[in-house]
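Down below are the structures I want you to see.
Presented sequentially are two complexes of chain A, the first with chain B as partner and the second with chain C.
Here is the complex of A and B:
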């Protein structure tokens, strides 16, 4: 077995499991995994920016909220069908992401992180304060994406969108743009010396990552049929960060698996209450220290090593 | 008469109270292999950083192929054919050798991936890195890293290459190989500006040597003239000369 066939087998097996799950799970767990897909897209979109371009952002859940509110409001006030509203949400999140990317071009590390926190909080507080439009922290009723849709229908819709997002991200990352992203992560000056337009691609990366987050937020809003500013909180951002780090943020698939996995764990450990977050925080610290490629990255590396050893033995 | 590829006029660069370049005037002819020497802090790398777009100048101008380029971004200059290396190599550690090459080969959006891959394979073969094509750059030795940086620059099909201390920490045998490559590229028409503290390499390779000291050009001549210039001996080669 080659590395490529290991990847293909892993992907097919994972997809197979997710296709079978709704036929064996209770309604409650189908709902939980569906929410997990929302986190999967969010965690993967964060990994795309942080793992591949090396740009830190703590505004990912704020972008999800922005996409969700833009979609919900466009459906409510302009009368757009929810699917078109979703597209509008993606566009708004992408545009704001582009602006943030442009404004933070020269910032790195802690300064970049703090600036994105400030943007996220400005966005969250503005949405909370604009009560007449958003109904503030009480939350806004949102039209359903599938009128009278069942949990299984939503499950497969979320699964399909997640797979499509991951396929799109993979295509992008394997194209020349992915190479430019990674060269910027490695060394901006070195990339520029080889003709890479660092300014452009850093900005585009923020826009793309935000657009995916906006899509996730829109889906979530139209599924739950309620959107509140709490989905944009820093606590939610911390959760997405933990999902990506624990899954493995140098690979969008591993980050996505982290998203689903942690959401399921969150529900399974519900009895622990807020202590769950303490456990995840500790787990994140340990993973960062011991498995920089995350649990799934470490698992894949171990399998790949074993594969190569077996290949050499033959 | 040699066509002037690069012309620098009255270039001034200040860092706060320190004037790194006082008022540099120099021109570089097409096909030249020019050495740029000077003691530490004399302004060599600053000059290179301005020519390649990494620093702005406080006064003066630079023209490249008759076009004013001061203020252009590094990536624009790279696409116009100004390639450069760095004192500390800036190879992309987590990318493979081939991917490092492809970044340069695909950056202008003109070449297809297969064209860039074929071109990269040829350059890697020339530089004896072909078998390492799929190896992560982090696994390369220091010397191999320097060669990869050379190869990446050549992927740009540069008209001029600016090399900042390319021989630092390089084994003598590899250094000879690098000399041969530079002569070969220069023979094929590529203009080269070489910064080095390795006087042997400078005098061996260059027909013209420009010496900087405290942001001023104190000598511009042949290796022989540079060797015997009292100002150079005093400013740069003094200790070396005295201890030899």
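Here is the complex of A and C:
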């Protein structure tokens, strides 16, 4: 088996499992995994920015909320069909992401972290305060994406969108643009001196990552049919960070698996109450400290190493 | 606005500033020595509040002793966190130290928040304050618990500044902040100073939490808003600058104190109250990331 066939087998097996799942699971768990896909897109979009471009952001869930509110409000007030509203939400999140990326070009590391926290909180506070438009912290009723859709229909829709997003991200990251991103992560000045338009790609990376987050938020809002500002909170951001880190944030696919996996575990361990969040917090710290590629990353590395040792791959 | 009202607002602002300064100084010292922005600072502040609550309400200690217990406990927590989690940032074990430091402290803050939620429950607690009743200063009436807490905070800040200036350890901290390599060459143990800095920073956050806990409430989420203000302050004054942190705290205290009474619609003014500091933060980071007193680098 070569490294590429290991990848292909892993992908096919994972996809196969997710296709079979709704036929064996109860309704409640189908719902849980569907929410898991929301977190998968969100964690992957965060990994795209942090793992590949090396730009930290704590505004990912704020962008998801922005996409969700933009979509919900455009459907409610302009009367757009939910699918078009979803596209509008992606556009708004991408645009604001572009603006933030543009404004924060000079900043990196902790300064960037602080700025994105501030942006995220300003967005959340504004949406909470403008209650005449957004209903504030009571939450806004949102039109359904599929009129009278069943759990299974939503499940497959979310699965399809998640797969499409991951495919799009992988295609992007394997193209020249992906190389530009990684060159910025490794050495910004070096990349610039070799002719990479660092300014452009840093901004674009922020916009793309935000647009994916906006899509995830819009889907989630039209699925749950309720959106509240709490989905933009820093606690939610911490959850997404934990998902990406535990899955492995140097690979969008692993981060997405972390998103679904953690969401399912969170539901499965409900009887532990608040303690499960403590366990996940501890796990995140341990993985960051000891296993920086995440659980799936470490697993893949271990399998790949065995292949190399057997001499089957050059 | 009458003269008394103006005086009252600026005194309120000054009291709030002294708490902000205590928390912000901790961030500044940690950043100065370790080049790490401690995203878990608010949760250390919260732990200080709970340490005070346990000492005073559960064990029945006098409030003054409770504050001392909180300071000591958080110094120990800080030293432990530095040893277990922060050390890879500068000893070459982390691949991308800056990214690692941001994510590890952010993850720590989530862990501590949920830990407090599980251990103590989400209910607000109100431990015994340092002092009860009001104090009259001429025509002004100030609540005694706030004034007492602010006085303790100011005393502590004075002790800290004197310690940084005159003791050997304080000089070592300043030396490492200015130039790591040179300090190491002159025989300062950079590792030990790093641990001292983090322990001091955590102790300051814990003390601030212990002082504020009885004035507001002790709840697991009590650190979230003050820490964002502490970020605003250290960025305003320049990350890592000690005088900058103090002046930043004074500015923010006054801005907040007066901004809330200048906006006519009270419910909306209240909703946006916490956003002013954030707008200030974004503005400074975008226009002058080195802050008022920081040194200018090629890239922030």
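One rule holds in what follows: the second predicted complex is superposed on the first by the 311 of 314 C-alpha atoms of A that agree within 3 Å, B and C clash if a C-alpha of one lies under 4 Å from a C-alpha of the other, contacts with A are read in each partner's own complex, and residues count from 1 in each chain.
In this section, contacts are C-beta pairs under 8 Å (C-beta built on N, C-alpha and C of every residue); 3 or more make two chains touch, one makes a residue touch a chain.
Everything quoted here is computed from the prediction, not taken from an experiment.
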Margin query: Is A:60 touching anything from chain B or chain C once the two structures are fitted on A? First, second, both or neither.
Written below: neither
Note to self: Quick one: is A:110 in contact with chain B, with chain C, with both, or with neither? Answer first, second, both or neither.
What the structure shows: second
Next item on the list: Go through the superposed model and pick first if A:190 touches only chain B, second if only chain C, both, or neither.
Entry: first
Next item on the list: Look at A:34 in the shared chain and tell me whether it touches chain B only, chain C only, both, or neither; answer first, second, both or neither.
Entry: neither
Check: When the two structures are overlaid on chain A, which partner does A:209 contact: first (chain B), second (chain C), both, or neither?
Finding: neither
Notebook entry, point to check: Once the shared chain is lined up, is A:281 touching chain B (first), chain C (second), both, or neither of them?
Noted result: second
Check: Thinking of the overlay built on chain A, is A:228 touched by chain B (first), by chain C (second), by both, or by neither?
Finding: neither
Check: Which bits of chain C are touching chain A when the two form their complex?
Finding: 31, 36-37, 39, 84-85, 88, 94-96, 98-104, 106-115, 117-118, 224, 228, 231, 235, 239, 268, 271-272, 274-275, 278-279, 281-282, 285-286, 289, 299-300
Notebook entry, point to check: Can you name the residues of chain A that touch chain B in the complex?
Noted result: 176, 179-180, 182-183, 185-187, 189-199
Margin query: Looking at the complex, which residues from chain A come into contact with chain C?
Written below: 50, 54, 56, 58, 103-104, 106-111, 113-115, 117-119, 121-122, 125-126, 128-129, 234-235, 238-239, 241-242, 245, 273-275, 277-278, 281-282, 284-285, 288-289, 292
Margin query: So in the complex, the part of chain B that touches chain A is made up of which residues?
Written below: 52-54, 73-75, 78-79, 83-84, 86, 90-95, 99, 102-104, 106-109, 113, 152-153, 155-156
